[in-house]
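In the two complexes that follow, chain A is the common piece, with chain B as its partner first and chain C second.
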Partner chain A sequence: MSTTTRQAPALRLRKKSGIRRGEAASGWLFTAPMLILLGLFLVVPVLMALWVSFSDWSGRGSPFAGNVNFIGLKNYSALLSGGGLAEQDFGTALKNNAWYVVLVVPLQTALSLLLAVLVNRQILKGRGFFRTAFYFPSVTSSVAITVLWLFLFNSTGAVNKLLSYIGITGPNWFNDPGGIFHFGAANGPGFLTANTALGVSWWDWLGGPSVAMFAFVLLAIFTTSGTFMLLFIAALQNLGGDVTEAAMMDGANGWQRFWRVTLPQLRPTLFTVLTLGLIGCWQVFDQIYTGTKGAPGKTTLTPAYLSYQAAFNNQEWGQGAAIAFLLFIIIVVFTLLQRWILAERKVSKRRMRLYDIPPSAGSGPSSGASGQTAAAIALTAPLQRKDRP
Partner chain B sequence: MQRSTTRWLVAGALAAIGALTLSACGSGFSSGSSGSPSGGLTSSNKALTVLIGSSGDAETKAVNSAVADWATSSGTKATVNVASDLNQQLAQGFSSGKPADVFYLSTDALAGYASNGSLLAYGDQLSNKSDFYPSLVKSFTYNGKFYCAPKDFSTLALEINTDMWAAAGLTDADIPTTWDQLATVAKKLTTAGHVGLGIGGEYARIGAFMTEAGGNLMNADSTKATANSQANITALDYAKKLLNDGSLKYAKDLGAGWGGEAFGKGLAAMTIEGNWITGGMQADYPNIKYKIVELPAGPAGKGTLQFTNCWGIAADSPNQAAALKLVEKLTSAGDQLAFSKAFGPMPSIQSAASEWKKANPALVPFLSAADYAKGVPTAKGAADVVTDFNSKIESLATGDPKTILDATQTNLAALLK
Partner chain C sequence: MSTVVKPAATRSFHRREQLSGRQIASRSVLYAVLVVIAIIYIFPFLIDIATSFKTEPDAASDPLGLIPATFTTAAYQKLFLNSDFPIWFKNSAIVTIVVTLGRVFFNSLAGYALARLHFRGRNLMFAGLIAVMSVPSVVLLIPKFLVINQIGIYDSYAGMIIPLLTDAAGIFIMKNFFESIPVSVEEQARIDGAGTFRVFWSVVLPMARPALVTIIILSFQGSWNELSHFIVSTQSPGLTTLTRASPRSPPVSSARVRSIRSSSRPPRS
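Up next is the complex of A and B:
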């Protein structure tokens, strides 16, 4: 009797017996198909590409064959400090894509949030119709939409026709290499044109996306805001009505309720949307591949397309892989940066004072409640819980 | 403790699986069975695959029937695959060690694949080697070796809309034979509705002026960069002058994708295009009446650019001997004339010239140009430099020819290091 009671805890420690026996093994067994698939089609190719980016593989035979040599950071240095065409092209691609990101990410986030708030209103009739309509561009293939865009933004296309009705002569969209912030100026001031970064002059860096790239910016906003609208709708429907109600009781108007109450609660979703947007924007490829292939004047060249071009068209496989990994680093850095910016922080002391009970407000419990507003209690309650474990 | 051992075991198992997978890949990649460049060809009874990048149904059908004919007569099976992205599919084939046996290969791609050993340099073993135009052979010679048989070729000529020509009061005697005359008629032909000369704003058109001035981006063997030569500066100056006169416009500024479209839509009275334009005009703009003349001579005489592809044979092909036989048949006069009839290019062999001229009297200027046509640069990476150059001459009207050419010279010289 006593022996069994003494043995029981020991048995529980030994995992391989009893009812839980073999659980880990079956766990691994069940996840094995996915692990093998991911390993085979994701991890292994990524590691191979990483090796290629440090090698002089020429595209023939296995990259692990004996005649392929490790050449260190040569591929990377050609892109970052080579001084040749490779550096110029990479700089141009980065410049194009950076402007693309700067314009697309905020605009698509703002637009999708706006759409989500609009179609989430109880009062709106035919909400289902609008949700479907706004989501529609997202489900259409990007190739089809790009071709449509090429037609719409033709120099004699529908967009320019519309512009002509209001007296504007539209640009030759997909053939116009001029930066939109150059405002048609052909040459900039000397100190801007003389200095370069990554083989691209400051004047060009500051010039903004070309008119052609701007058409792609519009395309991206048009196609992706629907998807992100869905995310925001889901988040909005998860919000309890009590906080908003409390704010309403405090006399906050619609504008204040949105900025001070709804938006802060959407922070996790906002992070998701911004991150997905950022990653998607830095990886833009299919629109370029089907649409312009980098033309006009290389102003729609993006790192993703440049990587493809370097590898498949120029047989510079090492450089192509190196571009892919530089792009990866860029995306990771930006995501971390954004995570840091959007991180939940303690409410600052100055801010907190707004919610504190003013000491002069008397001692009665009723006056305390009036000093600390209902919304403030609702909002700060979770924060305070977190601060004081 | 035990838990972590299990974890290590699992990790080890996964690593083993990974290693196995990698080695499986490795065997699939077959580390290059070097295709004996010394002349001995591989031979087996394996079927041949032919990979082409087709311009349309007519081309696919013509190549299919020619290859099928050869298959029945030779007894070796052969199939034709049409690539949707030829460069990509070729690259995949070469890296996996199982490329198509015979394939279309552009002048751009030759140097890249020749330098990594993917191609069989079979040119010298062709029985009809001496029949090819020498300038085409040069385009497919890399490091002194004649790699592959030119499939066909095209040259640039001047197309003139005859109705607009007559409306401007011009006659056959006015057909331009010099740069000055070209400038004059282009000005006369420029009206409110259309521009005198509308061409694609790229090296592949403007380059014709360079050859007329006696220059080109690189020398004929693509072993020396000659981009910033005085001849090229003269040529770009001339083009710039026409642009600033308003008698020359780029197709994109006319709202057209290429010169042929601008010409077909009546936005330009003249254009500079190759013999592919005839097919497009027939299909899309059958009502436009036009004639084709040779490009006017520049300061250094006549000049034009030529474009060509070849039939590549893979170094990894298990049946190179049969592939060579197939290529000889596909480049024979009979087959090339059939191809020409089906989809327009000119035969790459001199012995088919007279018959071709007889069959296509209106297109004779294209073939006559073969005598003085120059190829495009073929050095490895030259295509990138040309793209860069194209992006710069888009703004030639406001740019400085010397600066543009100097930058291109630097980039081309960097390729040869």
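Up next is the complex of A and C:
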């Protein structure tokens, strides 16, 4: 009886009150597995790792045992200003991953958009074939494709063989630690090599990714462009033809139609792709673990792999957890930054009239999409919605 | 009169031919570009398959060839007969099947509750789900190990499977789908006296087939390709999956067998 009175205001709001009896209990029952699993393996771990990142736990026994001490920000300061190996490794990993992001995110976005536009032609024959071909690398496991890459980019492998046909002696890809913007120069000018940031000289910061890391950049573009192509295709199919037709009537050529009409309408999808790309790129782990393990000369070290290495190989659990949290912060900051940059700005009324489109454009699966497309869209729909509440 | 009509007709005919000529040209360029890109995307896999049937020296001397000079299945023999491949395959299969089944059931259960059942804390729960989804998986590597170790399921099937049994993104997909099903169907069943679980199991779930297929595809692919979770939850060779077993040996020998399904080396433990 007491429950009925407590729920009375809520029930009055909803129409079918009688039918809803017992829903609270089953609601909790239905969500119990989710609550337990996600709580135990997502929420609790994060809290536990937060504690470990502030402690001197060495991996033996429970992190909550009496002999584990709270050491404040020591783990973090060792990484950010310690001056030792930890700082240098972290700086190197950040440098490697930053260059990876700088190269991969724009290239994969541009390539996937290009593929989507090419494949999305109405009159194209064999559309299904091309779509499958471009999507194929995306469904392959990261481990398998890394192994394939190691083989292709071997010093006597297929890529170097191809390069030799056009008279280029290919580098020893995965064993070449030289930065691609150093162009083989061993030492830079003094003012660059003398100054350091996070234990890494300016010369190294500016040197770009190593040749080995560049092979991983190519791998990332190869494997992700298919997935993002599907997102763009779905968005393109969702665009009404009328705006493009109107532009056509106004005499806009194909190039203008793409840049001034189609692309602005793809903004929500562009945002999704850039965000997913950015988040994914800061999390490179599988490829490094399977492929190079940070070699040559630590130039393929990434924060994610460094965190794993610090904890599991060197038993520096506090430091490993601290790296993971710093990585988390980096990802959050970059996502927010990007959101701010790509945010819809207030446009003048005159321009507004030009770009007046319904806000719903570009979200939701299209009926013509294949199963995989639907899967990919469904997967990203929540992210998209989350990002733009 | 006829003379007036005739030139106009020929002109329009000419113009059409000109246009279609240009169209043909642009279309063949488009097809050429697409075919070249498609070759770039598929060729690595073809090389990989071809190389797995090559002999070692042949693979080294002719990395681009699609037809092996001497056809051999030695790499596959080595893989199936002289390696732990059966164990790796078995482990991958067990984990994938159980995880897929678990996700289909738990995701749809939770998704249905969040979409349809009215109870206190539902909105809060949903907000929590979204928050949880935004945590990058790599950040959870160490934390997950800590918990798995703490509750004593490290290095066991339980440790490999249970943490993967549900995922926030899957719940989200199911919730969105259930919201698109008309409520009237459920009300009908309710009036006929079906309980909440009965409505869910016999009425709503059969209608959610497209979403269930999505979940099956995503979880199958996800758990079959999973690597980082198995790295932090297992260490014994008997629990190695295909992804963990892939070789760290010299590239040429690694690629002798297709994709990840390779290596005669014992797994790192």
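The rule is short, and it goes like this: the second predicted complex is superposed on the first by the 319 of 389 C-alpha atoms of A that agree within 3 Å, B and C clash if a C-alpha of one lies under 4 Å from a C-alpha of the other, contacts with A are read in each partner's own complex, and residues count from 1 in each chain.
We adopt the following convention: a contact is a pair of C-beta atoms (placed from the backbone, for glycine too) under 8 Å apart; a residue touches a chain by one contact, two chains touch by 3 or more.
The structure presented is a predicted model; accordingly, all values stated were derived computationally and were not measured.
Of the two partner chains, neither chain B nor chain C is touched by A:L270. Between chain B and chain C, it is C that contacts the larger number of residues in chain A.
In the superposition on chain A, no contact is made by A:I288 with either chain B or chain C. Shared-chain residue A:V261: touches no atom of chain B or chain C. Once the two complexes are laid over each other on the shared chain, residue contacts for A:W28 go to chain B and to chain C alike. When the shared chain is aligned, chain B comes close enough to touch A:G66, but chain C does not.
When both complexes are overlaid on chain A, the residue A:V44 reaches chain B and chain C alike. With both structures placed on the common chain, the touch criterion links A:V101 to neither chain B nor chain C. Look at A:L219: by the touch rule set out above, it reaches neither chain B nor chain C. Contacts of A:I279 after superposition on the shared chain: chain C is touched, whereas chain B is not. Of the residues of chain A, those at positions 24, 28, 35, 40, 43-44, 48, 62-63, 154, 156, 311-312 touch chain B in one of the two structures and chain C in the other.
By the touch criterion stated above, chain A contacts chain B in their complex at residues 15, 24, 28, 35-36, 39-40, 43-44, 48, 58-67, 84-85, 88-89, 154-156, 172, 175, 177, 186, 294-299, 311-316. Looking at the complex, you find that chain C touches chain A at residues 27, 30, 33-34, 37-38, 41-42, 44-45, 47-48, 51, 60, 63-64, 106-107, 109-110, 112-114, 117-120, 122, 125, 129-130, 132-148, 150-151, 162-163, 165-166, 168-169, 171-173, 176, 187, 190-191, 195-197, 200, 210-211, 213-214, 217-218, 221, 224-225, 227-228, 231-232, 243, 246-248, 251-252, 254-255, 259-262. Chain B makes touch with chain A in their complex at residues 2-3, 6, 10, 14, 17-18, 21-22, 25-26, 29-32, 87-88, 91, 94-95, 97, 108-109, 112-113, 115-118, 252-253, 255, 380-381, 383-385, 387-388, 390-392, 394-395, 398, 411, 414.
Across the interface of their complex, chain C is touched by residues 10, 14, 16, 19-20, 22-28, 30-31, 33-35, 37-38, 40-46, 48-49, 52, 62-63, 115, 118-119, 121, 123-124, 129-130, 133-134, 136-137, 139-145, 147-148, 150-154, 156-158, 161-162, 174, 222, 226, 279, 282-283, 285-286, 289-290, 293, 304, 307-308, 311-312, 317, 320-321, 324-325, 327-328, 331, 371-372, 374-375, 378-379, 381-383, 386 of chain A.
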